[in-house]
């Protein structure tokens, strides 16, 4: 079981490589991937990468309220589920698959979210998935340039695993990331992500996924830069300037010009 | 007839002083003021300043769609309207005043906007009008600091007449403000105001009124700064930094901390 | 000046016939028609019927909140307006026509209503105007059958002038239509139209225009039938049954079956 | 495990009596009750009736989209859950109870539905739960009178177990309830409930719960009466009239008069 995009650290996993490793080892395990914070934000290929079970949700890249979850399942996974002896009811696949064939669900569906999904998919298709992925990668790179401009460190060390959805930033030692987050919330009404588990208090996270554009990112980074100064966190000013230079020079046309 | 806040130039008129001038001259004219882009954004006092007719609209500081207009009228204005011989129907005051007393209107009212107005007024009261006015003044000053940081000029020369609602910026000679505005629209999906009349092509306008906060202003100013570079408009980088310093050092608590 | 559908009486005017009468008399008058409560509910033909000025609004057949008004104007009307000497500003046509050519308006447009209009027109086209008109005529006939079933009288005497949008019903002598309307409002939360002018207290009006279907009409008529009994208004029960028989036997397929 | 209001049959269970029977038998079983289609529509008392686990949902009496479920649990049930050995994750109570104490949830909550719930509860409190329950009972009785007026049978035989939320109606032998439902859907855009399991094709269900008033019920019953005639289902006309007489004579004031 692997998380495609680790929401709490801003690191992605190389799903295709993991598949190859499983295959090289000749291991029979089902390969299960959580794409909650990556689907429709970062390129992902269930079939091409040989994943058995992909789990996704409505509340991130699909730009909807929470309430829908999606499973993509391989034949191997379905076969395994038929052998599984763990008692199940709501989580059973067979009934859902049978009902879905006729356009129904085995229990009351969240109809309003299905209408929202219809519109979200139309928006994603209108922009085009490659453009959506590129937009998030571009915002991620601009964010990392801002972080380095401030003299801070991105938590994720391996550029091959940088997340397009969010960036976790290390707080300099001796400074409490949560006190900083609180200051930013109170002063600028902006809620940054918290560090989880052993990163609690040591990192804060900047999200840049979903319905998000250049100037929203700029506003976000300005809020971080002001918050660092307000809390006397050692940093260089100018992170925002680095992001502006990158965004400006690596331009994406908006739908307006394209249209 | 005076405009309280000149939307096309970002200059306010000193309404109280004008009243005094009219009084000194002993002139019998009705004093009429357009507050479309100032009401609920910039301090304004119909009765205290001795205005006869104040006209306002729903679509600026009241944060609603266009569709409602408001008239505040003095006894002198009502008396004058009874003598006026210009044919009127829809614009008559007497019928509206009579119907309003019973909670009705002489023609079909925009009921949905009245519900919106109820909510907008609740929002304004919750924040408090002095806080709303101060918020806009603070954003206006941050914007002017950004403009000066870029080495550009604010159109309004008299600090006593600076607008809290919007700031008009002079484009350096030889550069077309509208080409710049188009670039910003296409690249960043942000629509800056155009110059009107003899200022056409020579100024662009930055709005900072209504439901607007620090980070929205920051995003706005970042879009301007990037647009200036993209169009090779002569300027210094760092206008955004000036605004950030001002906003940071002259902080307003958001409702979250206050609450 | 003629009202196409008289909202207060439920009578329509035969616009084409009036045009012919004007022509027969060789009279040079401009022919102006108010279609506020008929446009998109009852068949109307500005050009074919030789109307010079048609006025309409968004809040009836177009199923929108109040806030948009429409003028269709003949060349003759435009020529006349150029000669007219009544001072005008907001109501001038020339500026609007000039701006509309480029897709703009001379003053701030009600943009949100324009989006709503786009959707309303899509809905009307999807159903088809002839089907929309037929739906309203069918509901009007069902309503009249209910009225006659109750032993009451429809105010409009001439079947050629029955309105498809609304039906005004005569209250039996000695019974106050407004007391009846109040009872229905209080008991069933349904607001029936009042009589205006010399019909005040003597008629009540049942609207059946816009986004309205068979069962909404049934609920409406049930509310009237119960209200008549509650106020001891002399009537026969069974008006609702007459309407049901008519609706059932003169069926319109809904979009569901058609699709 | 008992269903408080059986959605597919329109029969309620006497929960308090069942508790007493369990107690009389001295049986140690946990008493679990499904209140999906009764909570906030039919009087229900988790603590007073000694229920151990009550399950509810947002999509019926709470008038919200589907997406929230509620559990009320007794100390005995919590103690039992600590001993239970069935593997659980999402369905665990302990984590939710612990997080709820601080106002949070162990997994992403459906925030938008929580805002909706806040409003739904305000609406229910404004009307008052006893008035809400009485409104549904009154609509249920009016519905049963219509059914008997048509000469049809209510599926639920025991008046003590009539449901206030919905009424299931037996289709006369030889007539397909689903063909009837389809006709009503196509002709009147009204979706009646289907029979489930061994009642498939033999009953249809009329819902009268949630945000529902007298005239909505009237429209509903008119649609059924017309549908019966259109499908040549043997019945007497006049069921609607019976319902009207009952609603009229057993009046509830709406909020308007009360206020």
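Each chain gets a letter, A, B, C and D, in the order it is written, and its residues are counted from 1.
The rule is simple: a contact is a pair of C-beta atoms (placed from the backbone, for glycine too) under 8 Å apart; a residue touches a chain by one contact, two chains touch by 3 or more.
Quick caveat: nothing in here was measured; it's all calculated off a predicted structure.
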Chain labels contacting chain B and also chain C: none
Chain B against chain A, contact positions shared by both copies (same if over half, else different): same
Chain A and chain C, separation of their C-alpha mean positions in angstrom: 52
Distance between the centres, which are taken as Cα means, of chain D and chain C, whole angstrom: 39
Touching two or more other chains - residues of chain C: none
Sites on chain D touched by chain A in the complex: 57, 59, 65-67, 86-87, 108-113
Residue ranges of chain D touching chain C (in the complex, touch as defined): 185-190, 213-216, 218-220, 222-223, 225-226, 229-230, 237-238, 240-241, 244, 247-248, 251, 253-257
